[in-house]
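Here you go, one structure.
Chain IDs A, B, C, D and E follow the sequence of writing; residue 1 opens each chain.
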Amino acid sequence: MIKTTADSTTAREMLKVIAALIPGYIALSLIFGPGALIHAAIMIPVAMLAEATIIWMRSRSAVPAIKDLSAPLTALLLAAALPPLLPWWMAIVGILFAIIIAKQLYGGLGQNPFNPAMVGYVILLVSFPLEMTSWLTPAGAIVGGDTIGFIQSAEIIFGTIENPSITIDGVTGATPLDAMKTALYQGLTISEGIKEISNGVLAGSGWEIINLTFLIGGIYLIASRTISWHIPVSMLVALLIISALFNTVDPDRYSTPLYHLLSGGTMLGAFFIATDPVTASTTPRGRIWFGACIGILIYTIRSWGGYPDAVAFSVLLLNMFTPLIDHFTQPKIYGERDNG
Amino acid sequence: MSSMLIAALVIGGMATLFGALLGYASVHYKVEGDPITDKIDQILPQTQCGQCGYPGCRPYAEAISNEGAAINLCPPGGETVMVSLADLLDREPVALEQEERPPSLALIDEKTCIGCTLCIQACPVDAILGAAKLMHTVIATECTGCELCLAPCPVDCITMEPIPTDITDWSWPDPDMFKVAA
Amino acid sequence: MVNMSNIIRSAMVLALFAVCGTLLVAITYELTREQIAENERLSLLKSLTQLLPAESYNNSLLDDKFLIEADSLLGTTDSTYAYPAKVDGDSHTILLTPDSQEGYTGTINILVAINIDGTVVGVRVLSHRETPGLGDLIEERRSNWIHTFAGRSLESLTTKEWQVKKDGGVFDQFTGATITPRAIVKAVHRSLLYFQKNRDKLLELAND
Amino acid sequence: MTLTNFKFHGGIHPKQLKDLSRDRAIESISWRDEDEIVITLSQGIGSLNHPILSIGDSVQAKQRISECYGEISVPVHSPCDGTITAIEERPATHPSGLQAVAIVIKPDADSSKIDINKANDLVNHKIDVSKLSELLSSLTAEEIISKIRIGGVIGLGGAGFPTCAKLHGGIKTNIETLIINGMECEPRITCDDRLMRERAIEIIAGVEILDHLLHPNSIKIGVEDNKPEAILALEIATTSSTSSIEIITTPTLYPSGGERQLIQLLTGKEVPSGTLPSAIGVVCQNVATVAALYHALLERPLTHRVVTVTGDGVESAGNYSVPIGIPIDSLLTQCGVVDSVRITVGGPMMGFELHNSRSPITKTVNCLIVEKNSSLPSAPERYNCIRCASCSDACPAKLMPQQLYWAAQSRDFEQTEKLNLFDCIECGCCDFVCPSKIPLVSYYRYAKGVIRGAKQEQNRADEARVRHEFHDARITREKAEKAEKLAKKRAALKAKKESNKSTDKPNDADKKGAAIRAAIKRAEAKKKAAAANS
Amino acid sequence: MIEYNKIVNDGLWRNNAGLVQLLGLCPLLAVTTTTINGLGLGIATTLTLIISNLMVSSIRNFITSEIRIPVFVMIIACTVTGIELAMNAWFHELFLVLGIFIPLIVTNCAIIGRAEAFASRNSLLPSLLDAISMGIGFTLILILLGGMREIFGFGTLLAQSDLMFGEGASWMTMTIIEDYRGFLLAILPPGAFIGLGLIIAAKNRIDMRVSAAPLSNMLPQ
């Protein structure tokens, strides 16, 4: 029997998330040039093709899987997280791992225990640490300086000509998180580090703008009920509390809460990555634990771990605990007795 | 050389101690009875039909737990029982030896029955009522469908009738049956 | 009362196997002990000698080793060995094994060969846990960056120059990774300072 | 009229779609001359009825035609004068589409014109308050309940639980709140709405009977705020009532008419899982049921009910008072049905598709949705579950539907029970909100069926084991006894032989064998004769 | 009647320790960064298997059931320690590479599993055959996985052959991809898991092709 249903569909939910990424992408392109857009343009067709091929190999119809828009979304999320001038073939390796290994090998949409985009990201990070930590120095109208143009970006990404009009070494730099870590290793204090990396701006010039634009997208997602508030709020609050705590104790060694909230992939992770319904906890209490643990892990890895940013690792680690969290946070059902 | 001897002595002493402990434990904590047989018997459908080659459900349970008999010999239990047994005993599920049999009941054709009581004696669960030279009848709710009464009947008046589904024991079908094989 | 004989039997059998097994292992150990010691000596020697041409010394590096106390300039917390390379009893190069805690992860064990005139003969990284593909370019088999130290001394470069380029020095850093090369540069620099400070004592110990 | 202060978890806002029938007053539709009345012997929940008349017997309207045993069961009545023409299996109004035993009555010619429903003209029935209270005071509580039971009253909201059984539970405990369910929260259905608007007096009279019976501390009638006319009608009716009745409106939200949800909405209390509302001192009755029990007390058994007929497949959608037992196609033809339609029995959320339009109206049919096949949407494309948890946000039982679904589809039925499968009320909220269009409730229903089946099977096996063990014990005992007897006999025989050697009687066993052989021959002859005849 | 065919088939393919029983995964995943490492660990494991199976089989009739596990463990531990010492003495370079994974063979469930499941119930000859085929089966997987990871990770095959076969064997090293920049993932543990997963998938695929009945029919739905 055909039941009456609400008009939300998987594809529509995915489309809302994609729409929410738009401000973030605009900021990325204005500050770092069109690298993210070029990557997205490469990865979206590759993602859809890979998905269709695997499904075809499993002798199923690929049409619904293509129509649900989850593969393009994965590509867009990954592209937003990659350094803007990453060579094209690395981007393809990343998306192939994300779609084939992290998603389709587990059975496709809904069956994957780990967030595909983050698996792709981490695989690239461990395989090509050099390229994956070479970011551009923020530039553009907002933060001053000239952005790298489309032609130059494409030249570097595709490596088409022998001597691109600009050299990678000339424009690349570490991300603020990376630079801050380096500064701390050098024995500088946080405030000195901030001066060094960003002319005194909060969390590294350009980066706070990118994080704020992702925050805007995230607020739209919560307002449109595409995601629930639990995970992002608990994650950001946990990150805020723990960073405030350490910052109060030793402001020279530990960065300010605002710095942590507005740098690296914090906002992208909080609203777009951690909230991936397939891999996140689903019980209300579980979501709060899930988010809070991610927040604490991000802080831990950023402060004491080997990699500068930690959103991907934290999310993947918590993905692993999702079934356990769900098991222990079953909500009280209607009519359940307290001692039952 | 002395270090070798010391090592040998220390290890030997420890081994003696642990060996004695194990020996004591094996005598002292010996498990009486066989709880696994009860668990297997619990799973078997208790039709007592003997189609497994053993003279009843309990003997089959004992054969599984003690002689390692196959777990796929029970046609009335079908795949469900086989899978439960595989789960319990941590064995690989195996395809059924015989085809799964739909649940059915014995029905005595009362016109033909001569009242010989042979089926009454054969019934393992006392589900047939009747007396000598009087017509017999099967108590439907107690019949396990074991077919053991078929063979002894001299006039072949007993037939197995599949139990039809009626509204009271109907349940919703498996939705995956309708899933379009895409 | 439980069956005593069963217990005794178990204990005895297990003991028998234990004693036999231990004896067997002990015998194997005795048989291989010398060979293993020799192997270990050789492999240490191999890492020491990769900095020095074979013809440049004629003593046994391992036999002439001497203990030096822990020192903050060497980054060590326990006393370590130093190995002198000699020609006919005269030391011309001392091999030191400083540690660095300033890498990305964990301790980096370094081998530095210093000529008695205070010049670096060569540097090698013995072990490290830096990020693969990023920090591990300090290994000789992955890049020849480590060779850039040869011939440098406290005299040839100023203190400011004993830094990576990013900090105003003369040593290259790798794109994307500054911490690891910086740690090595610092460790080598400090080893030279240590050598300068303790030169006479070291030579005295070496020639004993 | 007051607004409720309480809420239940989840719920959804489907399109109401009630406009087609909500302004159509209740009309009577009766059988046509060519129709037969089919009274299914299992109506609602409860044990099967047994016919008390045989084929060929004539019956009168309101006459009881079945007997039932057990407390949770009520009899059925004939809605018409006529003759019993058959007692046989007929297509049942049931999701399975299977057949069920029914009593078939051929109404007397032209009797439809004097259908008791019309004759009584219930719409304008004046309630004689003094007569009612007089009647009540002359009866004991048990007598009142027995009258309600004999009147065949079951819950008319959909589940069909015998009212007498609820009331039996009610008088045994101290009832704090009596709740009357006038929510009608499912889309499209309007029969209760119309009933409240047109027959509020009957409902209030029924409430007074329950008040007399249960002595609750408070009486609350819950109505959703999308039925202002019904609320007004009830307000007017309560003014003249002797009972103090509170009418409470609630926001329109599905499934606020679910018994447990309604109790939470009106009292703030949750019915503990696995128990009945009486456990927390609440009895809950549907408005139509309350009206029916009033009539039952006045010797008018449940032979008619109001059914909403709606959808684009009928010309005149509306609310019709129809005799229980008339074939659905007769009702629909009289409403002007178009060709090739799909019929849903019940509301769009919890109803089921009708397999055979010749099956009859039963006591629990509250709505028939008739849709043109051509206007039906194609089945939505189904995607994988992405664990978005929209379903757990919507679930009024606060379950985790997505986890239940995972367990059910992987056949992990043990896990479904741990996830409280049996607290699922099958309201369909999860199906409604699912963006992947997964038929979640179908999985729960399937899992429930499998678990119930397995439990039944286990019970049967346990009984069989006990009987088998008893059988074995008996055989051993008999053998022992026989051996003992034989030994005695032998001893006696020996003694006899020694005393009398010339006796030579044919053996007992031989005799028996001969008898059996003779019987076999007779049986074979009979069989042959039977074969020859056929 | 002992079916020798079956023993060999079990060890090499049908019941392969690395692919089907998934035993001894810790050394399997950790050591197989190169072919030679895999080969070295494979040989050590096979040797241990052979010795322990032979010993267990020969003493099986003297051991009461309650102390059998300690006795098996003792035998295996002694064997492994002996092999470790011997490798340290004669294959020192390889010993340094394989490091802690040699003592870990003691806890390799494949070995105690064979002792308990096979050698303690069978006579010498079948036990020997079982040890050899199980060992070779395991070694093949180690080599295969090592080879895959080496090619993808370093672009070479059989690098450092000299560690195992002496200086004269350096010619065996092949450079598969010239000027390869290396793919770290293959060398890191995730690469090992992914590689093993792919090999298992390939085996299942072949099995499915071979047997007419699809695997899914056999599993509980």
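Rule of thumb we're sticking to: contacts are C-beta pairs under 8 Å (C-beta built on N, C-alpha and C of every residue); 3 or more make two chains touch, one makes a residue touch a chain.
This one's a predicted model, so the numbers in the text were calculated from it and none came from an experiment.
The fewest steps needed to get from chain B to chain E, moving only between touching chains, is 1. The set of chains in contact with chain D as well as chain E comprises A, B. Taking each chain's centre as the mean of its C-alpha atoms, the one that lies farthest from the centre of chain B is C. With centres taken as mean C-alpha coordinates, the chain found closest to the middle of all protein C-alpha atoms is A.
Chains A-D form the pair joined by the most contacting C-beta pairs. Computed centre separation for the pair chain C/chain E is 34 angstrom, with centres defined by C-alpha atoms. Spacing of chain A relative to chain E, judged by their CA centroids, is 40 angstrom.
A separation of 86 Å divides the Cα centre of chain C from that of chain D.
Inter-chain centre distance (chain B to chain C, centres taken as mean C-alpha positions): 69 Å.
Residue positions of chain C touching 2 or more other chains: 6, 9-10, 13-14, 17-18, 21-22, 132-133. The residues of chain B that reach two or more other chains are 15, 18-19, 22-23, 26, listed in rising order. Across the assembly, chain D contributes 382, 439 as residues in contact with two or more other chains.
Chain A meets chain E in the complex at residues 101, 105, 123, 126-129. The touching residues of chain E, counted against chain B in their complex, run 64-67, 70, 74, 217-220.
The touching residues of chain B, counted against chain D in their complex, run 41, 44-48, 56-57, 80, 111-116, 123-127, 142, 144, 154-155, 157, 165-176, 179. Per the touch definition, chain E reaches chain C in the complex via residues 62-64, 66-67, 70-71, 74-75, 77-78, 81-82, 85-86, 88-90, 92-93, 96, 182, 184, 187-188. Residues 183-185, 188, 190, 194, 197 of chain E touch chain A in their complex.
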